[in-house]
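Take a look at the structures below.
In the two complexes below, chain A is the common chain; its partner is chain B in one and chain C in the other.
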Partner chain A sequence: MNKYLGNKSALALFLLPALILYSVILIYPVLQTVLRSFYDWDGLSTLTFSGLSNYRELFSDPLLATSLKNGLIFAIVLAVFQIGLGTLLALICADPRTRGRKILKTSYFIPVVLSVTVVCQLWIAIYDPTNGLINRLFDLLNIPYQQNWLSSPTASIIAIAFVNAWQFMGYQFALLYAGVKSVPEDYFEAATIDGCSKWRAHWHVTLPLMRETYKFCFIIAITSGIGAFVQMLIMTNGGPGTTNYTMTFMIYRYAFMESNYGYACAVSVLLVLISLLATVVINKLFDRGQTA
Partner chain B sequence: MSKTALSKFRQAVLQIPLWLYFIVSVYPLFWMVSYSFKNNDEIFVSNPFGLPTHFRYENYINAWTQFNIPRYFLNSLVVSTISTLFILLLALMFAFAVARMRWRFRSAVRTYMIIGMFMPLQVIMIPLAILVRDFHLTNTYGALILPYIAIGLPFSSMIFYGFLIAIPKEIEEAACMDGANIYRLFLKIIMPLALPAIATVAIFQFLNNWNEFTLAYILISDENMKTLPLGLLFFQGSYSTDWGAMGAVMTMASLPMVLVYLFLSEQVERAMTVGSAVKG
Partner chain C sequence: MKKTYRSWSAALLVLTMSIGLVACGEDNSTSSKSEAGDGTIKLKVYAQHFDDDTIKPFDYAVEELKKKMPNVEIELDPAVQDGGQKLKTYAATGNMPDIYLADWSVLQTFAKSKNVEVLDNYDTTAEFKKNLNPGVESRLVAPDNHVYAYPETGIEFQMIYYNKSIFEKVGIKTPLKTIDQMADAAKKLKAAGYVPMSIFAKEKWITTAFYNGLVTREQPHGFGALDQKGVIALPKAFVTAAQQMKQLQRAGLFDANATNTNYDQASSLFYQGKAAMFVNGQWEIYSSQEKLGDQVDWMYWPAKDEATYENSKYFIDGSGSPQGYAVSPSSKNKETAVKVAAFLATKSAEYRYTQLGSPIVSQKVDKPMASNVPAMMQRVVKELLPNAQEYAQLLSNTKIQNTINDNTQNLMVDNFSEQDFVNNLNSTLEKEN
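Entry: the complex of A and B
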């Protein structure tokens, strides 16, 4: 049997295509990025070792502060909207007396399967200052809060983050709904029999038991906030000015528009480190809750 | 009011947020589809919110014939189909070698593959663009297909691994007794057994590849090679004056995926959320 399942040529045939492609296209570029972040490099030929100077320059780059701030706002909008509101919707929807559950779940999920370009174009139209849905709706309701949504330096990042939050609400909702459903009913019943109100029972029983779900939902929300790019690119091209920059936008600009590849690689490395740090912190936070 | 009527009423009130969000989720799409049948006057002045009074199909005909939509569709279809097929094959073979075959470094190799699941794509953008250029793949299908396969592999092979590891050991013994060689075992026994997992991964990867934007944006500049998400980007500037046609373009671009989802909603949701089980 060992000989049968240890067939060397079969092993090579099964293993190598995946392994080679993965190494060449994913792992090798990662190493390249790390290495090149220590060089001055225009993407063509001249490589000059520059040590940590890219990183030193990066920390005094005003775009970094803007990008980090925007990443944070983006992440907060996703977390509040998708996880906060999503939890509320999931709890109500999981109640056995709720009607139309299938229609609700399906309609929440439809935006997830749409192309991000369609969604962004649609919301450009919705945000349009004169003909867009939102300002027209405010008009109709006599609310004097018409905005130039996408060109306001303060509101636009939130407006843009909302588009992402809206599109992927259904995805987080599906995770949260599955999480609520995975909590055994009798735990919840025991708590209500003990005199807990329904919402207190959810707060003290259902939500703590969904730790793994929340861990994953927060990791998704925070890392996609930090790495956000497509929505900014399509909806405002990072502007007005550079107000809507994110770290991925910096990478894109420095590498592909300014041919400052070494510097862009340093931004990439920092982005990965921040994403990893966020993941570790979220894991730690949720695991600490477990032992307490 | 009796007690049951009161609790029924409370239950109905409690469900209001669900239906409010239903509107938030669906109305923008309804609005898009309805303006795809209107002209600018109806959209801007006479009838901005409701159903079109007169269905202007010509928006669709204009959009299909004037813009490059058939080309974008074809490109997306080619790229998504080929990369999904290769992901399925390579990931299944890899998972078989790691989960079922016996050799020394299999757990190390598995860990090596898992790393890729946690790697933000932004970190490979720059070297990948240069790699594609150096291999003379710029503006070819290969420029997207090869990266899409590589990026799909870690996740897919872990799904397959989880599935294959649970199959009883006796399968191989029986195959060995019957004189089937290892390739026959893979093709005739393992592959059919893995069909449910294959379906899940296929849906997940096809959707991902169909909608992928960032890499396509960096790696493709030739108008004739653009995929649908990329091609749609440039309508915004060029055709911003004709909202009806724009709406028709967007509706047509969305229809295939929405139909697939409506027909296979449970499978699609399972496929999209299965990642939480693997990564979490």
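Entry: the complex of A and C
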């Protein structure tokens, strides 16, 4: 075995198929997108080189500000809800004294396997301003907070983000649960013997030891938020107006509704860069905490 | 080691070549077919074929084609409502059908990329023009003065449908001639527990059509006025229309959830008697008459006062955008395809006129109209079309169009004012014009 591992040519040969596949389905399209973002192109005609004009136009596009703001709100809602609640549920389910743990674990994961369309339709009905469950509930409890949830310029993005957060909370829960279970029980027991309460022990022992899990969970939540699309498309079609646009929605609009593929490529490049930046920042933040 | 190395190299080479062959291989089932050995010409036609309104005229046209050109065999490729994405994919992959149904936005892109045959100099086009119904030239001839497709329908337009029984029950006099009357009616209807006007505003075009209806009361050319160079601020008629639309929204004309309501939900509200009014194209006449019978009728768009209403009621809220059966320049039987495209459009129009009783067709038909024409369509035939003064003009600029679509939808919700509308439009007009 060592003989083969020491042979660089053999290693290269074994890696080649994966490398080719990776290049064809990932690297090549990304490079093409970057290249085409410097062209004026409708998707069919000959490309016309336009230098940085797509980028100049993009930074003065009012849709970009809306999309970035919405992406940020979406990411925050996902991070807070999925990771916050996911952690709480993971700790509860990991506690051997919790009854019905298996049922709970399965229940939290059920929304993940449902179709996004089904989930969105369900929540469209729940958010209905006239007959929806939420407004009816507020009405029943005499709480004067009835909203037009999906048409409000301020509330709609949070309402939509919540649907995504609710559906995929089970996924983050599964990761966090695995993270909790990977922490040796001895540490937790030692802390409780030293007089720590259960929650203080989790705060000081379990959670800090789940640093890598959290890093991964935050990267998923933040990049999913920045690139959110499907829920907006199904629930409000980006509207009213462009209220619920995100960067992915911008790409969809410019590529498929306006046949401005060059510009859509520029938006795509910016989206990739922002996602990479978010990933780097999260990595740095978590690594800094570790070295401090 | 050398042997293993060679084996792996060979295996990789075979794999790579296989992938290459599969990727580059042409799918004969979808390619344009040339003349068969027996003289039969097979043409692939991408056409709408999903409900009675689209299946019956097309099938009739194909049956007629068999009599006229027995050597032509049509292979149907049913169109999907995807904003032209399937067609664009065909074009991008060099896999265009011989004949395809396309709208102006697709035709514009295809004209630039040379995926549509310019039909200007064909004898068939001259013949088609000769038989064109008066007033619908803009449906055939594009703003750049070229002919790209043969239309089957004339200029379609939007109208306001209303439930006579509900209006009578609530005690509202019809027709509603002014914006104030419509706003008052909205309040009364809402108080009586009805949705005053059902609108599927999840689709932006319908809010745009509603707005255009109000614009045409004072500006018969509609959105066409915004396409002119130098127009960098929204003209007065458009500002007035935005104020009127907002006034109606504030009066509660539209359902609170309008921007999240699709066609099925909006139409079922109207047909179940929960909504008093409904807005859609004249093509809704058949469905509404079938579902509501004599209870339903249509009204003209309201204006700022009764005098304006009387002066402008025959300005039509519909513009003649080029659309129809186009031909691919890469068709192996282009000459035949052009003839067949024109024939399909003509015969589909004939079916719509003679069997469905629709007068909104592109070509003159010398056969009698169907006897069972719905009463509302009879009103269109006798009252509206002969008196039509102006049709709204086409807006070609996609960016201005998209800004209008976005902002008319915004007018449906609180927290968005008419001033926001004007500011957003002015910003786009300044950039584009």
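Assume the second predicted complex is superposed on the first by the 265 of 292 C-alpha atoms of A that agree within 3 Å, B and C clash if a C-alpha of one lies under 4 Å from a C-alpha of the other, contacts with A are read in each partner's own complex, and residues count from 1 in each chain.
By definition in this document, contacts are C-beta pairs under 8 Å (C-beta built on N, C-alpha and C of every residue); 3 or more make two chains touch, one makes a residue touch a chain.
Small disclaimer: the values here were computed from a predicted structure and weren't measured.
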Based on the superposed arrangement, let me know which partner A:223 touches: chain B (first), chain C (second), both, or neither? first
Applying the document's definition of touch, where does A:28 land relative to chain B and chain C: first, second, both, or neither? first
Between chain B (first) and chain C (second), which does A:113 come into contact with in this model arrangement: first, second, both, or neither? first
Under the stated touch criterion, which partner chain does A:42 make contact with: chain B (first), chain C (second), both, or neither? second
For A:10 in the superposed arrangement: first (chain B), second (chain C), both or neither? both
Have a look at where A:18 lands relative to chain B and chain C in the superposition and call it first, second, both or neither. first
Per the contact definition in the header, classify A:124: touching chain B only (first), chain C only (second), both, or neither. both
Classify the contacts of A:263 with the two partner chains as first (chain B alone), second (chain C alone), both, or neither. neither
So, A:240: does it touch chain B (first), chain C (second), both, or neither? second
Considering each complex separately, which residues of chain A are in contact with chain B in the first and with chain C in the second? 7, 10, 13-14, 17, 43, 124, 130, 256
Which bits of chain B are touching chain A when the two form their complex? 11, 14-15, 17-19, 21-22, 24-26, 28-29, 31-32, 35, 43-44, 48-49, 90-91, 93-94, 96-98, 100-103, 109, 112-113, 115-116, 118-120, 122-131, 146-147, 149-151, 153-154, 157, 172-173, 176, 182-183, 186, 207, 210-211, 213-214, 217-218, 228-230, 232-233, 235-236, 243, 246, 250, 253-254, 257-258, 260-262, 265, 268-269, 272-273, 276, 279-280
List the residues on chain A that touch chain B in their complex, please. 1-2, 4-7, 10-11, 13-15, 17-19, 21-22, 24-30, 32-33, 36, 43, 85, 88-89, 92-93, 95, 97-100, 103-118, 121-126, 130-131, 133, 136, 166, 169-171, 174-175, 178, 212-213, 215-216, 219, 223, 227, 229-230, 233-234, 247-248, 251-252, 255-256, 261, 264-265, 268-269, 271-272, 275-276, 279
Which part of chain A faces chain C closely enough to touch in the complex? 7, 9-10, 13-14, 16-17, 20, 42-45, 62, 124, 128-130, 148, 150-154, 235-237, 239-243, 253, 256-259
The chain C residues in contact with chain A across the complex are 1, 4-5, 8-9, 12, 15-16, 83, 85, 88, 91-92, 105, 109-110, 112-113, 115, 202-204, 255-260, 398-399, 402, 406-407, 409-410, 412-416, 427
